[in-house]
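Please go over the structures that come below.
Below, chain A partners chain B and then partners chain C, in two separate complexes.
Right after this comes the complex of A and B.
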């Protein structure tokens, strides 16, 4: 059982998604589960609802999952992915309104301290509030 | 340089930042993670005139922009305040070593 909020990174680009996940692992450590997805199945740019659901499942924690996204479709597809989860899991997933790289590092730092999903989201979104 | 002292209800300490590029992203994450292990309220500042900031807020610690050779002041309040100040001084003085934790 994992008692830290999990992090999901959703970018249009596979490289950005992977690079962001690498930054989180190297800067924050490997105790927080980080999953990512990016690009479409043909290797181009895009985001894909089934792949986002897989990433959410990979990062799943009883404390919830914080999703960091880049532009437009990444956000709407992530919201759609959350809608497609079982109702009791939906409330345990939040899509953060934060820059993807900075938000992921800060959310993971907060998650590593055992914080709640709401606290993790607030820390990621502190960047946009200021 | 490596000393803690009681100052009213606060435990305080200070340490010189020896990291080559100052308090940038990676040290900030490490300091925040360490601070979060303690129950105490922990504040830091990078100069005598600066506002105290919450050492458990990664965004605020990253925004410190403390350059190399600046002195980080620490104050903490709570049961484990002394341990917290000592641990943070150690982290900064040993130049934020890589750890498995």
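Right after this comes the complex of A and C.
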């Protein structure tokens, strides 16, 4: 139903995750599906595997999902969330090694053009290669 | 000697209670070189394990380890969730064709390898692996010795102390560079607490 790569934003902070998603929607528009989550299971700063899985499902696209994370724990928990998906869906999700705000905007911009998951990831990760 | 179900249940309970009771100490260590949430995260995870203790105790050992692992993954909320979770998930996988205590070193080794892969880390980088890897070596070298439990306990506590002079190169503490030197690693400490609780419980039953 959706022919654009979906974007998931995972921060330690709910505010940063929501703010990043707001920036993506304003700068890229709403045609790309963006889901976000932040905070630990008690609502404090941290990450939460069940919520990451929900966000991946919310952003699901047949072309795949690119996940943008902030600090190490968000990356580790996102990788864990991907592994807990059904095996055939795992290869359609990538955790990008990119700064969360810039990476999300660049990834969504690329996704809006109908690019593949690998192209979306490459554009986001160019920011890190600098 | 075989691992009796009631022994396993008390091992899980005592280990969880030790981590929960040590939350303030772990958080203080993490405030020095991390983001200050290791104690509260581990407490949340092991409280969730305790709520499932009866279920865990009734499962075959392989499934019990996987339930512990999945519970930690789903509730801890920091990097230690996937790290400890991967340990128990992998050890549970190994237990589908291995048994305790005969294959202890192999089962423990499966868990350690999973932590290493999940964290893309090795021993010597000021992480929980600085305790887990030496303990694995002790389990291999001293298997069958009458004082194995005491040796594991000593190995773990000496290994924690050795993390203090190290500079962190993985994990949040690596952001601090040289300033991470002089502090015990919180993940190494929580691993030692879990192992010490297991050793104490087994000694009390000998």
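One rule holds for everything that comes next: the second predicted complex is superposed on the first by the 130 of 130 C-alpha atoms of A that agree within 3 Å, B and C clash if a C-alpha of one lies under 4 Å from a C-alpha of the other, contacts with A are read in each partner's own complex, and residues count from 1 in each chain.
Here is the rule we go by: a contact is a pair of C-beta atoms (placed from the backbone, for glycine too) under 8 Å apart; a residue touches a chain by one contact, two chains touch by 3 or more.
What you see is a predicted model; the values in this text were computed from it and never measured.
Overlaying the two complexes via chain A leaves chain B and chain C side by side, clear of any clash. By the touch criterion defined above, A:17 lies against neither chain B nor chain C after alignment on the C-alpha atoms of chain A.
When the two complexes are overlaid on their common chain A, residue A:84 makes contact with chain C while staying clear of chain B. In the superposition on chain A, contact of A:72 is made with chain C only, not with chain B.
Of the two partner chains placed by the overlay, neither chain B nor chain C lies in contact with A:4. Superposition on the shared chain A places chain B and chain C such that, viewed from the Cα centre of chain A, they span 150 degrees in steps of 10. Using the contact criterion defined above for the overlaid structures, shared-chain residue A:48 touches chain C, although it does not reach chain B. In the superposition on chain A, A:93 contacts neither chain B nor chain C. For the overlaid pair of complexes, the smallest distance between C-alpha atoms of chain B and those of chain C rounds to 27 Å.
Across the superposed pair, chain B and chain C touch chain A at no common residue.
In the complex of the two chains, the chain A residues touching chain C come out as 40-42, 44-50, 71-73, 76-77, 79-80, 84. Within the complex formed with chain A, the residues of chain C that make contact are 35, 37, 40-41, 44, 73-75, 77-79, 81-83, 85-86, 118-119, 171-172. By the touch criterion stated above, chain B contacts chain A in their complex at residues 25-26, 29, 32-33, 36-37, 56-59, 62, 101. Residue ranges on chain A touching chain B, taken from their complex, read 27-29, 105-106, 109-110, 112-115, 123, 126-127, 130.
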